[in-house]
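Here come two complexes built around chain A, the first alongside chain B, the second alongside chain C.
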Partner chain A sequence: MIGTALFTLLSHWRRHPGQFAMLVLGLALATALWSGVQAINAQARAAYATAAATLGQDRLDRLQSPDGRPVPLAEYVALRRAGYLVSPVISGELRAGDARLRLLGIDPLTAPPEANTPTLGDAGLDLTGFFTAPGLLLMTQDTATAALPPDLPPIRVTDTIPPGAALADIGTASRLLGQSDPSYLLVAPVQPAHLPLLATATTLQRVAPEQRADPAQLTDSFHLNLTAFGLLAFAVGLFIVHAAIGLAFEQRRATIRTLRALGLPLRSLLTAFGLELAVLGLVSGLAGLILGYAIAAALMPGVAGTLRGLYGADLPGTLSFDPAWAGAALVMTLAGVAIAAAQAMGRTARLPILATARPEAWGQASARLMRGQAMVAVVLLAASGALALWGGALITGFGAVACLFLGAALLLPVTLTALLRLAQRRARGPLGEWLLADTRQQMPGLSLALMALLLALSANIGVSTMVGSFRATFVGWLDQRLVAELYVTAPTPAEAARLHAYLAPRTDAVLPVVWADATLAGRPGAVYGQADHATFRDHWPLIAALPDAWDRLATGDGVLINEQLARFARLSPGDALTIAPGVSLPILGVYSDYGNPQAQAIVTLDRFAAIHPDIAPTRFALRIAPDRAAGLASILRDDFGLPADAVINQTQIKRFSVDVFDQTFQITGALNLLTLGVAGFALLTGLVTLADMRLAQLAPVWALGITRARLARFEWARSLILAGLTFALALPVGLALAWMLLAVINVQAFGWRLPMQVFPIDAARLLGLALIAATLAAALPALRLARISPSRLLKVFAHEA
Partner chain B sequence: MKPSLYAALLWLIAGQATAQGFAGLGTEAAGFSIPQSPAIFDFPADHGPHPGYRIEWWYLTASLTGPDGTDYGAQWTLFRSALAPHDAQGWDGSQLWMGHAGLTTPDRHFSAERLARGGIGQAGVTAEPFAAWIDDWAMTSTAPAGADALDALRVTARGDGFAHDLALTTTGPLIFHGQAGYSVKSAQGQASYYYSQPFYSLSGTITLNDGVIPVTGTAWLDREWSSQPLSETQDGWDWVSLQFDDGARLMGFTLRDRAAPSFTAATWIAPDGQSQSYRDGALSMTPLAQSRVAGRDVPTTWRIELPDRALDVTASAINPHSWMDVSVPYWEGPVRVTGTHPGRGYLEMTGYE
Partner chain C sequence: MSKVLEIERLSKAYGTVAVLRDVSLALAHGQTLALTGESGSGKSTLMHLAAALDTPDQGSIRLSGQEISGLDDAARAALRRDRIGLVFQQFNLIPSLSVAQNIAFQARLGGHHDPARDAMLARRLGLSEMLGRYPEELSGGQQQRVAIARALAHAPMLILADEPTGNLDEATGDAVLDLMLELVGETGAALMMVTHSTRLAARLDRRLHLSRGQLSAPNAV
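Up next, the complex of A and B:
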């Protein structure tokens, strides 16, 4: 019996292929965006895990020089000869043009088992080849097919190496990188008994895995952002599905009543309904998965670029397929269908068998319901404000955004109705008045679609305002801060001294840059030594400072810290900061330091030398007349033999930084546009749904002599009015969102706050897009109305009779 | 299961008992020197490494006695394995080094392994002054000027749960096996250079978790190098070095062959240092009892016969579980000898799967 019922229910879709397409497409879109974002996140997390597990980095301590320079080979051998189980790693980057390859040279002879040296493919490995010149490079297929520097040793493909990296014998890495001293030493967790503590045997710094910056932690906020976008898209998609299922329910009232009258038990009917939805959910979910995979694959290179630029986290630029991901996405889709269909199912269950089959205007909201909605909305908006102002965590930041969205969406129908009522009072002529009254009448049916549009529009405004503000601030900051004409790096301290002597008479100023890793307020970070020079005094913007901060800094009597450190550790000028064991200095000022995920503190060169007497500067910022910069750069490269990337001019750094920035937000732009597309589609489904039901309202107007073409134009105008009004409401919501992103979420996620700027041209462009979306959405129902056969309109009266 | 790089590496320098012979010792020797007869030695240089040959070892076994009469055994070994028949400094060195240390008590056995590459100073051997080392393990000559470098040695090693520090002295001569140090290993003629210093007496300490124990005893040092000492079908060997109570010594081994009868060789060493080598077939080694060790059956009691010397003895493991749990595992431990020539010694068995 259920089979027959199911067949009867399904026949509806055969008669309404457009509706069927709408339902499937809505579900597929919702699934696609959600699953696409999830696929990207999963891929990224897998990449972090691989990277973290490489050489047991997630478990093994390291010994490294406090200044980040290599560990002298003799020191490594001395530690081994003293009995300590340490293993050397030479790591570095090979670059040629755009091609880059991170090289990890290991010594498998001494690597602790925890280092988990990678597994080899079935092709096997010629081990003599691995150990003897020219050596072998192990890398993933993706890395091997990407642009690589020239003249590499033979490559073997294996799957457990982080993307963009190659694993080689330490001898091979030493040859390729021209470095024989280990970059750091891995420390076996268990050392031989009866040995003095390792700390007493070496001055090298021992760093535990948790003290090192973990890309998974750093990138958390980025992925949370993506997830939020995915959920938003999913919610918008569900509006479409809800509209489609609601419409199908209305149109099948007669069928349902007949089936029940013929003796079909309610339980069987609901089972048939459920089966139908499950089948539809599965089919659309699968379509959505394919689409989602395509979206993710298209966005992946951009995401990889972003994460590399922002956090230095390496990701493969291509996507792999994970069945668990697909399963999770399908479950999500089915759950979404269940939520979207709950209302229709509930009504079916309550439908009296003998009630008339006449479709009532669907979803007529009573004034009381509206008032209830408005009250909930106000509470949500208040909660949003409270969370934003007093939340103080990333998750409460997102909570504030969620409350803002939900509150604004719920408030939308109430506000629109009020606005339309207001407009109606001022309307001239009966037609205008009818148009506005009729629009208001449609509100309940369209409110869900309009909410979706509101969300998409305000997300768009908010995110683009955030990105625009960020970009403007960032570029301005780069201009201010990158004032030196040339930046030069010497390969060794001895070379650096020679370079300094050479440069001093040939430039206006040689400003050494020297730094050491440090733990600042419990976080991994770096302490910089900086010369006292007008270059810094004039150009480094301090966002908070004590009086005479620069003068006091010059006396060695304090530190400047970056905004990230100030915010994370809740430090402000006047507080004390410990920058080395036993060295605590007052904080004189806070500078902005966009794009740097780590804590940073600046002291004078003298103070730095007192703390780290063994670290000599190898990097210099040079002040020189801009027209002489290029000449000096080529002299340094050609005559001084510095590698090309050791001499960088200001323009190069700026271009690189801005490129990284733009790539970072490419994905945001793409997701914005996709969400808007989905919202436009939701509007279309809403309008189509209403179109069939509204004949009863349109027929009298037609009978009064208004042509079908004119009625169609009214339909179109109504859609534009609603879209325009929604946009007007989306504008403040979007700006509120932008404020939350800049002042709450950015601060929590990245540690910096940005001044908000408004971009009216972008907003105007978005209004245009919204109107285009509304036009497109209204086009199909309007066209159908223009071409409707008069007999159908006449039938409306016949049925009344 | 895919081999990890780590395991695969060990496969390379040591191999496994496969078609390639135990420890990869049956593989081709392209570019490497091959031992020639007659053997001509040049000391002290030949105490040092021979990079032109593929494999080489400095192999010390010691039978020890504690203050309460308890038997102990100690092992200190440094293997050299060359990837190419030359040496180089820095990371480009083509010499790989593997150290094994063992310590046996009647009821416990400890083993440890260290790996290193040559060229950076982490491991190596120098002939003058003689020193062999890997990490903090060392075998260093303490011989007075003019004496053979191997006449006095200090040997130290440390592993998980044990350590030993032994001072060795001898006045006996070096003993050359086979044809004056040219030791044939199969009927096809594979051979190695092989000499020993079997006359050490020693004193020193061993350290276990429960404390330091002073020990005295005897020790035997083997020096051997070659490029392809096993034939392809030889899977492993059983080797003994025995010190009899009357002061005589015996070195004997059986190379087990999948495709042919076992190949045996022996050297009889009189108390005065006179030695006589025996060709294939003169010595017979017969397993008398097996022990279940590390999941395999290993013969830990042997009947050893050398009819030419009217020798018929039984060698029994002091601890049947003297299993060297290293990347290429094998059995190595002290034995008690009973029969026509009572005494003690060391037993090594490889290639038991």
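Up next, the complex of A and C:
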């Protein structure tokens, strides 16, 4: 019985192939964007997990110098001789042009088993080659085929090394990096019982895994953003599916009644419906997975660049298939179909067998439903405001955005109806009146598609305003922060001293840049020493400060901190901050520090030298007349033999920073455009759906003396009017979203707040895109109407077969 | 008496099915004509061709002496707008417009709107109290009266009514037809009405019967 019912239901799609294609495509698009984002997230998480597990970083404590410098070899030797189970690691980066490679040098003979030093137990590894010159580098296939620095030892491919990194014997790493002292020591979890506590045997700082910056944590908000975008696209796609299923239900209303009248039990009918939808969901879901994989593969290099630029997290630039995300995406698709079909299933269950046919009833929301929607929308918008203002957490920030979107979407049909009613009162001419009245009447049928368009446009406005504001602020901030004309890095402190002596009489100022890693308010960060100079006093962007902050800083009795530290640790000027054991200073001011995920504090050079007497500056910011900068740079490179990247001018740094920034938001732009595309498709679906059902309304107007071509132009104009009005409503929603992103989510996720700027040209461009999308979406139904045969229109009036 | 509608040797087929074959008829000012026939006999097709809603395969249709079968889409639309009044079985009112707007719609399209005439028609058809209502708020009889008012509001020379009482009960149908005949008589327009009912057909000046696409009395004009 169910088989017969299923066959009857499926026969509908054979007669409506276009509708079937729309349903499958809508569902496939929704699945594609969602699964694509999930694929990227899964890939990133796997890369973070590999990185975290390397050398047992997720389990083993480390010993490191409090100042972040390498551990003296003598200190390591002393600990080993005393019997402590510690193992040296040299870590550094090899660079040559664009090629870069993170190198980890290990001593397999002393490494604790928990370090899980990869592949040493592998039969295929040439141990002699690994230990003896020129050594071996272990890396993944992806890393091996990427651009690498020249003159590397032989490479062996293994899949347990993080992307962009290589593992080598400590001797090999020492030679390649030019560093003889270990960067840090791995500490075996169980030390010999007879020895005193390790802490009493060394002045080195012991750091537990949870105290170190974890890329998975740092990038959480980025992936949450991606997920939110994927979910938005999925929701927009579901609007298409809902529309297609709703239309199919209306068109099959008579069939359903007949089946019921002929004795098919309701349960069997609903089972057949469920089976039909499950089949459709699976077919579309699989198509969506393929499309999603293609999208993810296309976006992956951008995402990898973004994560490297923002967080220094290394990801492979290529995508691998993981059945977990594919399965999850399919489940999500089927759940989405169930949600989209719930209304049609409910109607089927309630459909009286003998009711008269009302083909126009589809989607006709009653005034009461509209009022109910409006009330729910107002509550949601109020909740959104409350969450944004008083939520105080990342999750409440996303909650505020979700409430804003949902509230705005529900309010859209009510607002559009009110606007159209208002316009109708002012309309001149019968066709204008008819167009507006008819558009108003179509609202229930089109509202889902318009909601999808509203969401896509709002997201576009919000995200582009956020990115634009961020970019403008960032570029302005770079101009303020990077005022020195040249930045020079010396290879050693001795060379730095020689450079300083040479530069002092030839420049307006030589400003040392010196820093040390530090734990600030319980977070990993850095303390910088900075000269008291007009370069900083006049340009450094302070967003909160005590009076005479710079004068007090110059005396050494205070510290400036970055915005991230101030927000996370809830510190403000006047509070005290411990910057080294036993050194606590009052906070004099807070400065903007965009793009830096870590806590940072600034003291004077003298104060820094007092805390870290062993750290001498090797970097200098040089003030010099701009027209002399290039000449001096050449002299430094030629006479001092400094490599090209050791002498950087201001323009280079700015260009690099802006490039990193632009790459960071490449994926956002791509997802934005894809979401708008899906919304355009939703509009097309809505219009095509309505076009078939609206002949009954259009035929009389045609019969009364309006040509088909003119009617088609009206239909087209109607779409543009609706898209224009939707855009007008999306504008405030998008700006509200931008404010939430800048003032709530950014602060929670990154620790900095940005001033919001509005970009009218971007908005105008988006309006243009929305109108193009509406024009394209309306073109097909309008063209079909213009070319429809009179006999099809006459069928509306015909009561004879 | 001058002819409003002259149809000569008209043929129309949909695919391989010949719906009308060699049909000829004429209708003068002030005349009323009932067109009867079984389902599928071609009554509605003939009506649609006369209304310039469709084009014939062969033959000629003249409205006040003007040949309309060769006109383009725009000219045919203008003809319907200005000179023809249509009444359908399903009423086919515009659901998004009020009763008053529906009545005035066609007249306003053609630029012939006369509010006094609208008011007169509404009064005569008993619609004065429901001008602000929408079609879905009216009964079938009321909707058909609105359709009749719309068909007469621009003072057309030819009124074509396709089963105007087909969806109404007998009493309401009679009342609606009474009003239509009365108003058509007053305006001097010609009326061609398709109906299944011989009883209603008998109330019109003349009656023609269509069977398998041919008029049973082709020369009975």
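FYI, the second predicted complex is superposed on the first by the 790 of 801 C-alpha atoms of A that agree within 3 Å, B and C clash if a C-alpha of one lies under 4 Å from a C-alpha of the other, contacts with A are read in each partner's own complex, and residues count from 1 in each chain.
By our rule, contacts are C-beta pairs under 8 Å (C-beta built on N, C-alpha and C of every residue); 3 or more make two chains touch, one makes a residue touch a chain.
Everything numeric here is computed off the predicted structure, so don't read it as measured data.
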Is A:73 contacted by the first partner chain B, the second partner chain C, both or neither?
first
Partner chain in contact with A:298 - chain B first, chain C second, else both or neither
neither
Which superposed partner A:697 touches (first chain B, second chain C, both, neither):
second
Quick one: is A:335 in contact with chain B, with chain C, with both, or with neither? Answer first, second, both or neither.
neither
For A:170, is the partner it touches chain B (first), chain C (second), both, or none of the two (neither)?
first
Quick check on the superposed pair: does A:438 touch chain B, chain C, both, or neither? Answer first, second, both or neither.
second
First (chain B), second (chain C), both or neither: which does A:99 touch?
neither
In the overlaid three-chain picture, which partner chain does A:709 touch, first (chain B) or second (chain C), both, or neither?
second
Common ground on chain A, meaning residues reached by chain C in one complex and by chain B in the other:
none
Over in the complex, which chain A residues touch chain C? Could you list them?
360, 429-431, 433-434, 437-438, 440-441, 696-697, 699-710, 790-791, 793-794, 796-801
What residues of chain A sit close enough to touch chain B in their complex?
73-74, 76-77, 80-83, 107-111, 113, 116-122, 125, 127-128, 130-133, 169-171, 174-175, 180, 190, 192-194
Quick check: in the complex, which residue numbers of chain C touch chain A?
14, 39-40, 43-44, 48, 51, 53-55, 73-74, 77-82, 86, 88-90, 92-97, 101, 104-106, 108-110, 150, 162-163, 166
Can you tell me which positions in chain B touch chain A when the two form their complex?
2-6, 8-9, 11-12, 83-84, 90-94, 96, 115-117, 120-122, 133, 135-136, 158-161, 163, 207, 209
